[in-house]
């Protein structure tokens, strides 16, 4: 049965960097895939100054090409904290999306946006119904996993769950490459490897090496659940 | 396809206390279940003084009733360390058993027998072939999990894998209860709960509470491996 | 000399679940026992919809039967964060209560209410005097301990202090059982074990097993202090 | 080439207690040394009641004597949290100071002011430019180190970088001693060791003992960077 | 009632450096105090070459002056490991000493002698009876605590139990000073502080600062046990 | 001044996999570079059966081409433990090599050879003089660093020291590639990337990504030492 798979990030690229392989695998399995980026206001981010709306629309369009529905809230980078208004905004989005399985950022990170986004995701996924008007339909995701943002950012992340993404690697790499071209306002050139794509490849190869496959993504489950291991 | 499931403990009761629910589940699935107890010489253990052979044979017979093949090496408690001879003895047993999935004790524990047994199991499971004569057939278990010995013994154990044993709880509890009666040289009285059975119930209920079921056993995987989580 | 023992929780049941044995022991020793529940507004909690005031008053009445003074602030679940107004409200309560020994929730937990309540308790207990008008009498608790919320919620809690509650177990279990009956709007039936009571029993038996008694509660001291161990 | 070295603390004394040896060493090397104390409003701190402005001015004057420029924001102890206004205030100060190397408090501490100051420093140092008006010049410190507040306060601090301060010890000790005299409104008496100076000596001797010198200060680098070790 | 307090170290000075304050406190309380040093053969230790027997006898005599019975096994530094013979030797000593409360080295340390001594102590204290001839009387210590060897040696030690040694500090310091003079073959000069005494003072002041007294020694309990905290 | 840089591994390839970039950098700086492989007997390793002596000699010859002196002890894989004889053998080698800076394996690893080699290296580097005949000249390395064996093997390694090896990457990669060809008994083909080389590249890119360079090797210092950070 088709499930709704939700990735929550702070920035437009957090999920496309962090969990694109897993999301593409979900698309292949005919699940519905949604990405929620809390930051939708890029007016204080110099690389896209004057093009901030194109970045948002371009990310939505590009993600659609790969089978994912990309949504943005209207937070601005570095300017949001965990307030009642922001918790409510995240809860409303989750009430609409109705996720079965959710992924959000690991809470310890050198980038404060990642930490605040992580905490907002935790609150909205687990207790969003408490923030919404009585009677609002709300689905609690059955499984919630955390992902990290790579070796330059993350603090103390130790994964316990690995997903083999070797079969989706080419597409995952291309998706991120096109997104980076969009940021630079250039055409995508598949012969040149962007720094972000190289970082993604390094991380995916490292996780793959950890679990014995070519490329992997790694998660930490937020709740223990019984498994079949025999 | 039927697999061989192997539990390795130091004492006659380590696996029956620690992983009986998982082993009984394996029996129900028609897997072959073997328990290897490194300590087979109980002559320096006061509770069974003069009855040490009965303890070993009785444990074998009782385990057979529950579908498990119990084997003993001839180590004596507190007296064995990680030596080449002991590594070889463990490797020989594993070469004979040919496990597909193995369980052994977590290496950090207040009881030195548990620590030495853990290290011997790790070496023999992973590199036993290096210790045996050239050409000896040897099967490397595909999955190796560690289990702890309960709150009074274990040091720093944090499980990452849970098995629901609610359906096997009654039998697991009875198996351990009968074993404890055997140690005391008494008939098993199902109306009286032995201290070990109570400890097992506490641990299984605690693990169950962690992962959202009535009773569970908890493990730590020694190797990362890819999972299907979608 | 009689001391004032204070337990601080987020929800109406956090202390009755977490530290009732220790509180009942304090009552037996003729100490004054106070519980401060930060959340007093249950209008957004479906199980008691329309009965939220009865829950609060019922919890106060029931706790009185067991010798404890239960107080509520007016926070609503999931809706409060660590703001100056909330810090002040907690500080005022503590100024009135004048605790000698205080217990509050461990700060790392999958429930955001527990995390916010923990941080508010820390600030108000340690520095509440800084928030109140000059000259307000304020007592700093000499000992502050943290307690966890059980295996399904807590993250990384490792206790260093254990209290034997075997002698108070029956009462502790009954107190929680009656509270759960109150939530369901039913009469208390001592022959049926509520899920929360079973969870409490599991946790208390696990902690007891850790420290060698039948039932225990476990804490982490927030400040080192010298002990007599000889 | 002269660099700008910045220490960020919550209280007037956090850097003079924590990193004075390193700052004095920087002064000796002709670097520009700036201290930023977030709390500049001491009206709710009893020891200097009625003298709060003298404390601030006196700390500025005293620090000047030791070669350091001391600056204060206007936060009040226990009353500030991580809000957009406070992040902006910290970012503005950093934009003016233009640090090359920065030191701030370790984020886990029993004093909530230290935790909030740590988080504000992290955000302002790393992403302060995002908070300021477009085009505001902003320098990102190349190295950022964290320091702890001593054994009575800090939680889980494990340093990875040590600075030998034996040559600056006498001055460091005197600076703190004079500051404590200022708080008490007394003349500095070099023959009497203040409790804070004794605590500083204990910490510096402990860190020195760890790395094999007489006195040291210890840090944790917030970012990995390549070193020459051959 | 008088108890037997046992400290176990690798070298002649491990307990006099690590736990002298606690031992002197025990002497004051009229407990019997015994120190067991596993290494009694100092022929491969250059500082006392040709005087190794004087070191052993001198340490015994000096300890007697402070109320402690010092015993040596015959191990040589760096040359012993955890073998059955060495376990037996330690077990025999413990059978003779009959400790009520025991202290031994923390198992993680940069000095391999400390690690081996720690493991031997653990085995002999807990399971020594299993190594000895049947019927040998054997007393299991009711409490076992671990101590560290100071910041230059220890790895990851986090104490949970503190003992105030301020009242015994002068004697503790003198005992160690005299022992160091013995090693150097000099007369004890109370006006000169030996490096080891300075290290002891730094460690004791650091632990004292942690728990709010002038000087303390810090331990980690190897077994949880219930406490009275009300 | 030229120093002697020593890498200690269990197997012929541990240092060439783990620290080749750092060793090649040392060669470029005209330091003397020595590698000590404890295992010199490969007769129980199937891949080189009948060619075990060629492997040893070939590794020596190949390392010479890259400026490193490769030495082997005669241990056999899986068959050695930490005994007095083995400690002595390692100590003798170190006495001959006289290292200034040494690197050895991190002690926690899923491969027991790596753990035993780590412990032997620690003992021999720190206390080797105690094992050798009186008067044997012995040099204690001033700095000792630990390295890990990659994500599939290592347990809990967290580096604190990074070395940029980008300039030595091509050579490091080639050295390992040629070594793997030697194992397979094939000619080195630079156009085919061996699995070990790919694993090395993944690890070096991951460490580089952590510290902000293209390729790096990462270490954990075994002793704190003061640094110049200003």
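Going in written order, the chains are labelled A, B, C, D, E and F, and every chain counts its residues from 1.
Keep in mind that, in the parts below, a residue touches a chain if its C-beta (ideal position, glycine included) is under 8 Å from a C-beta of that chain, and two chains touch if they have at least 3 such contacts.
Computed from a prediction, not measured in an experiment: that's the story for all the values here.
A.B. asks: Among all the other chains, which ones are in touch with both subunit C and subunit F?
C.D. replies: For subunit C paired with subunit F, the chains in contact with each are A, B, D, E, in label order.
A.B. asks: Considering only chains that satisfy the touch condition with subunit B, which of them also satisfy it with subunit D?
C.D. replies: A, C, E, F
A.B. asks: Assuming a repeat means more than half of the contact pairs shared by residue number, which candidate in A-D, D-E or A-F repeats C-D?
C.D. replies: Interface equivalent to C-D, from the options A-D, D-E or A-F: A-D.
A.B. asks: Working from the CA atoms, figure out how many degrees subunit A turns to land on subunit F, in steps of 5.
C.D. replies: 180
A.B. asks: What chain is the most remote from subunit A, judged by the mean position of CA atoms in each chain?
C.D. replies: E
A.B. asks: Between D-E and C-E, which chain pair shares more contacting C-beta pairs?
C.D. replies: C-E
A.B. asks: Centre-to-centre on C-alpha atoms, which chain is most distant from subunit D?
C.D. replies: Of all chains, B has its centre farthest from that of subunit D.
A.B. asks: Please compute the C-alpha centroid of subunit A, do the same for subunit B, then give the distance between them in whole Å.
C.D. replies: Comparing mean C-alpha positions, subunit B is 41 Å from subunit A.
A.B. asks: Between subunit B and subunit E, tell me the centre distance in angstrom, where each centre is the average of that chain's C-alpha atoms.
C.D. replies: Going by mean C-alpha positions, subunit B sits 37 Å from subunit E.
A.B. asks: Enumerate the residues of subunit E that touch no fewer than two other chains.
C.D. replies: Those would be 152, 210, 212, 223.
A.B. asks: Please list, in label order, each pair of chains that touches.
C.D. replies: Touch list across chains, by label: A-B, A-C, A-D, A-F, B-C, B-E, B-F, C-D, C-E, D-E, D-F, E-F.
A.B. asks: In their complex, what parts of subunit B are in touch with subunit E?
C.D. replies: Interface residues on subunit B, with respect to subunit E: 44-45, 49, 76-79, 81, 110-113, 152.
A.B. asks: List the residues on subunit C that touch subunit B in their complex, please.
C.D. replies: It comes out as residues 150-152, 198-199, 201-203, 205-210, 212.
A.B. asks: In the complex, go through subunit D and note every residue touching subunit F.
C.D. replies: Against subunit F, subunit D makes touches at 3, 5, 22, 25-26, 29, 31, 101, 143, 145, 159-164, 210-213, 216, 218-219, 223-227, 229-230.
A.B. asks: Using the touch definition up top, name the residues of subunit E that touch subunit B in the complex.
C.D. replies: 82-84, 87, 119, 122-123, 126-127, 130-131, 134, 222-223
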